[in-house]
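Have a look at these structures, which come just after this line.
Both complexes below contain chain A, partnered by chain B and then by chain C.
Let's look at the complex of A and B:
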């Protein structure tokens, strides 16, 4: 007798891998296993097809343990800690974000997420000068000039070009690619240069200077130099004419600006340029965001605490101070005494010294898969992977929330359930709670 | 003889794909340990495609393999991963962001076998 196989096709599935957040995937499931994925790029496809590879197992001090025992051990560590850190939260969903913030509030933790080491400088720049921006839908329908600066969407956001910005046909861009001028500006040629009409190669560390030059030219000042950033001034004059002449321009930037010298000041200079251009035409800017759902965590943290990253709850109310409460600094200075890393591989991604401190303190890792962090964590709690084995909500790079589906089952609880259970156990250990271990308020 | 360069890091399609295989997977390690260099710089350092070079900063050092790339002279590219993490310091100049791109590095041929 042959047993009939269960075959399902799940439509309109949202991909969790990058901030393009494609919501048109078709996932083919056979006997509870993902067999095929349609419409996704290779990165999205691999996210689903390899979701069972390298799965984490529940353990305490390297020994197998039940989920319940792991949650108890995690709650013990967090309830005892004096200056804990909750970090990660890129590869998960909105309800887990909310629970993580609730837990941080409860235990007086520092809470930070992957934005801190990707587009946090962009967030600081927006706090400083504001941003003229729009959704990807407007870009698709209206943009006739698209500039990618210090970004490589061809490799990091593969379907951005075909869904939103380059080849896609829109209401006022009916011919797609033919209706758009595409420019790539970077310190090196990448596959993104091949999508562009023009590639301008600038010297490393010259972005701020170039933005200032362009802004001066936009405002009618000419400069008494022959080149800026290794590029003849005439090329910058030509670019300004192209920008002013566009009907609807958008400048997308990447971590080429945020991770290099100048950091948020590079983005401040970019946003000022976009603002000045609005005296002549419609001109907008947007960061190319998102490994996973980093945008979601920044959104949720902002509407819950007022700040997008690097938040400290030790006084019982949120405080924000990059450089003090940001993860790389907290760890680099060796300040935190316990950490919960959830839905991100902190040790695999951090500067060596920061990773070293994490290895020296009680560490809890919540992750569907083994990683450099789970390898050394005292407590490992496997989770059902959001968008594959757990439902929820993710934010696209333009802040539009989209539903994540549960496509297959997992034997493990979701991030939000794990956090909820940790909260319950922490509370049970502190029956008199409400009284947070608040540091004394400064006088005056 | 060591030479100074500026090192850029970033995502590559292959890094994004092989990360799903786990960070111990050979394909992943091959991708994140490949250093792109301008052919003229390779000649000056007397290294060939596939040769090992040592990268050094004030914060640490890494041994990686050379690969001919389209980067301009004086610039190097490597995908995000453990090899570059060893070179990055934790200082963020009060921004929260470590200097992850545009890192000044010393490069020399590694003959340690």
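Let's look at the complex of A and C:
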């Protein structure tokens, strides 16, 4: 006799892989295994189809151990540490973010996440001048000019163009692609150039200069030079006319601006340009963000501590200082004496010096899969993968939160549960004598 | 019973029951106020202390995508107030845009136990609720932004009021909203192409409807649904000289209907520009005094740092242009906009000083305290931490005249403030900060101390200096538990999220699914927020006349 197979289709599934955060996936599950994924791009599909490959196993000092023992060992390390670091958190969800910050508050840790090494300069630029921006649906419904600058969404955010920004039809863009002018500006051609009507190739490291030039032109100044950034001035003059003539323009930027010379100053110059253009038309800007749910971590950290990344709790209250409390700097200077890396591969992605320091201190890795970090960690705790085997909330690149579903079961606990259990064990070890001072009230 | 408390010998101010400083014992059992404690009860000796219901803030901005963006935008602001972790409590920062836990603690220290987030975009309401979940100590709710919703504008264009009603009900039900908020109706839609509306009868681009139609339709919907709170309106032309006329017109357009006008100070300006800027508080108060259907919160300005956060995108752009301060803008698909600009109110700046005076005139000229409520439109007019300072200004005419000598001198000749000798009594303060807003919100268990009320109680040490008195509550009870002692939070409690219990309407789904597909970027199935996402909640019944 054959037993009927369990078959189900889960609809409206949110993809956790990139900041496009598509929420229209259909996942086909057969006998508890994911068989097929509809509507996703290749990257999204792989996330679901290969979620069982390379799974991590619970262990302490390389030897197999129970989850409970691992949690105990992790709590031991963290309770003893004087200047610990909690880092990662891009491939997980809101409730785990909450718990990670609670743990940092409890043990006086530094807490930072992947933004710190990708779009932190964008966040700093926004703190400097603000940002005129919108949710992606506004681009879908209205944008007649879309500029991608130092970004390659065709490869990094595959469905951005079809869902939000290029071919999609919206309320006032009924003809989709035909209603939009698309421009790609970068130091080299990429597949994104092929989506564009125009590609402008600029010299490396000239972005700041080009933004300043464009802003000057927008403000009615002309320049006494023949070219800027390797491009004839006349082309920039023409671009300014296109920008001013658009009904609704948006400039998307990527890591080509944040991780090259000038860093946050590039983005400041870009944002000033967008702000100035509002004297003539609607003109907005937005970073193309998101490996996983980095945006979400920045959100939760901001509401719980006031700051979006690089937060230090060692004085009992949150302090923010990129350069001092940002992960690359803390590790580069060899300051932290223990680390919990969760839902990200730190060692696989960090510069050698930072990775070297991580290897030299008690290291805890919480991750569904094996990584360079789990390979060397003293304690490895496997987790159920958020958005596949654990539910929660993730944020899209424009700060819109979307629910994550638990599509299949995992033998392992979720990030949230692991952190919760670590917190309970740390509390048990460190009778809470935390900061004694009360929150002072300011005098009116 | 372990959860029983007897508060002995305090002077009780409970305006709903006409108690004006009556010395009386209060009994609390199982989180409620009761006639008499059964059996043993913990005793709070309140001799010489003043007892009020817990404070109710009808209009504040403490949790929303825009509020969080403001936190992220202003690291420089957070250093002004650092709140270290304590056992059982979380750390955080102030000042104008405090982190979530700190927000709850600071409100509680002032004696507030219920606060209403006044603006959340529907698509961002999942975020708003998650933030509210992290604001302890207080009960809370949120108003959904509706005044520029493109589906509503489309239905309005085709004259389908019934559809609007069903759609609004679906939104409230799906998103666990407490009320309806209109911000610059029509104007924020215009802003999506960089424009604004000037008056109530200007047509909104592409939709062929006017602000007046939007106001009237949604006010009708609000009453048809029998929501506990009236429609909550941030009128057109906020902050703009001469805007009092559009404010008056807005109220006239809704004559006879329950209506709450938000932060009315920002809408009571005369003059043609900021040089000829004048107060029209008198004209506004005259209208309000004659129209019992209207309630207002003031949006009092306090001097010092503020962060302006509003869905009124075009106004924020204007403020950015005026101040050159940093400017954040986020237009939200289908629904609304939002903007943030840091701002500092200065005593010696004529416009700021006049704004300060207009707020006080509004408090002092509106005769019925049941219809004017304390707010700073936190943090737009300044942080809620200054409520005690405002109370002192209202209760102490001498303090007011001292302040008048400090501020820009044209205020003396350009407002009625120097001639207003009225001083609020404690009883009246209890109305404008407790009983009044609770009644306007339709929260029957809040804002009073009668049997059956939630045991949300604030106890103060009476002092001549009313700022000192209200700055630190001697005790605060939340749901019958002592959570504040001597102005310090001693125990955290989660507080409940309050929402209006509107029946769902799944018949509309097919039509909405199509609209979502065309105009939104999220699946309709991912839009509603399940009740499980609000671990502590309370539904407030609708449909009954309040």
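Odds and ends about this structure:
To be clear about the criterion, the second predicted complex is superposed on the first by the 431 of 444 C-alpha atoms of A that agree within 3 Å, B and C clash if a C-alpha of one lies under 4 Å from a C-alpha of the other, contacts with A are read in each partner's own complex, and residues count from 1 in each chain.
Here is the rule we go by: a residue touches a chain if its C-beta (ideal position, glycine included) is under 8 Å from a C-beta of that chain, and two chains touch if they have at least 3 such contacts.
In this text, all values refer to a predicted model and were calculated from it rather than measured experimentally.
Steric overlap between chain B and chain C is absent once the structures are superposed on chain A; the two fit side by side.
When the two complexes are overlaid on their common chain A, residue A:53 makes contact with chain B while staying clear of chain C.
Figure note: vertex chain A, arms to chain B and chain C, all at CA centres after fitting on chain A; angle 160 degrees, rounded to a multiple of 10. Of the two partner chains placed by the overlay, neither chain B nor chain C lies in contact with A:206.
Within the superposed three-chain model, A:24 lies in touch with chain C and out of touch with chain B [touch as defined at top]. With both structures placed on the common chain, the touch criterion links A:263 to chain B but leaves chain C unconnected.
By the touch criterion defined above, A:165 lies against neither chain B nor chain C after alignment on the C-alpha atoms of chain A. Between chain B and chain C, C contacts the larger number of chain A residues. Once chain A of one complex is fitted onto chain A of the other, the partner contacts of A:315 are limited to chain C, with no touch recorded for chain B. Contacts of A:91 after superposition: neither chain B nor chain C is touched. Following the chain A superposition, chain B and chain C show a smallest Cα-Cα distance of 15 angstrom. No residue of chain A contacts both chain B in one complex and chain C in the other. Taken in their complex, chain A has these residues touching chain B: 17, 42-43, 46-47, 49-50, 53-54, 112, 116-117, 120-121, 124, 152, 155-156, 158, 187-191, 201, 204-205, 255-256, 258-261, 263-264, 309-310, 322-323, 326-329, 331-333, 345, 348-355, 369-372. Residue ranges of chain A in contact with chain C, taken from their complex: 11-12, 14, 23-24, 94, 98, 102, 105-106, 123, 126-138, 140-142, 163-164, 169-172, 247-248, 275, 278, 281-282, 284, 298-300, 302-308, 313, 315-320, 393, 398-403, 432-444. Residues of chain B that touch chain A in their complex: 6, 8-13, 16-17, 20-23, 59-60, 70-72, 75, 77, 80, 82, 85-86, 88-102. Against chain A, in their complex, chain C makes its touches with residues 63, 65, 68-69, 71-75, 78, 80-95, 97-102, 105-106, 109, 123-124, 126-127, 130-131, 134, 150, 192-194, 206, 302, 317, 320, 326-334, 340-341, 385-386, 388-389, 467, 471-472, 487-489, 518-523, 525-526.
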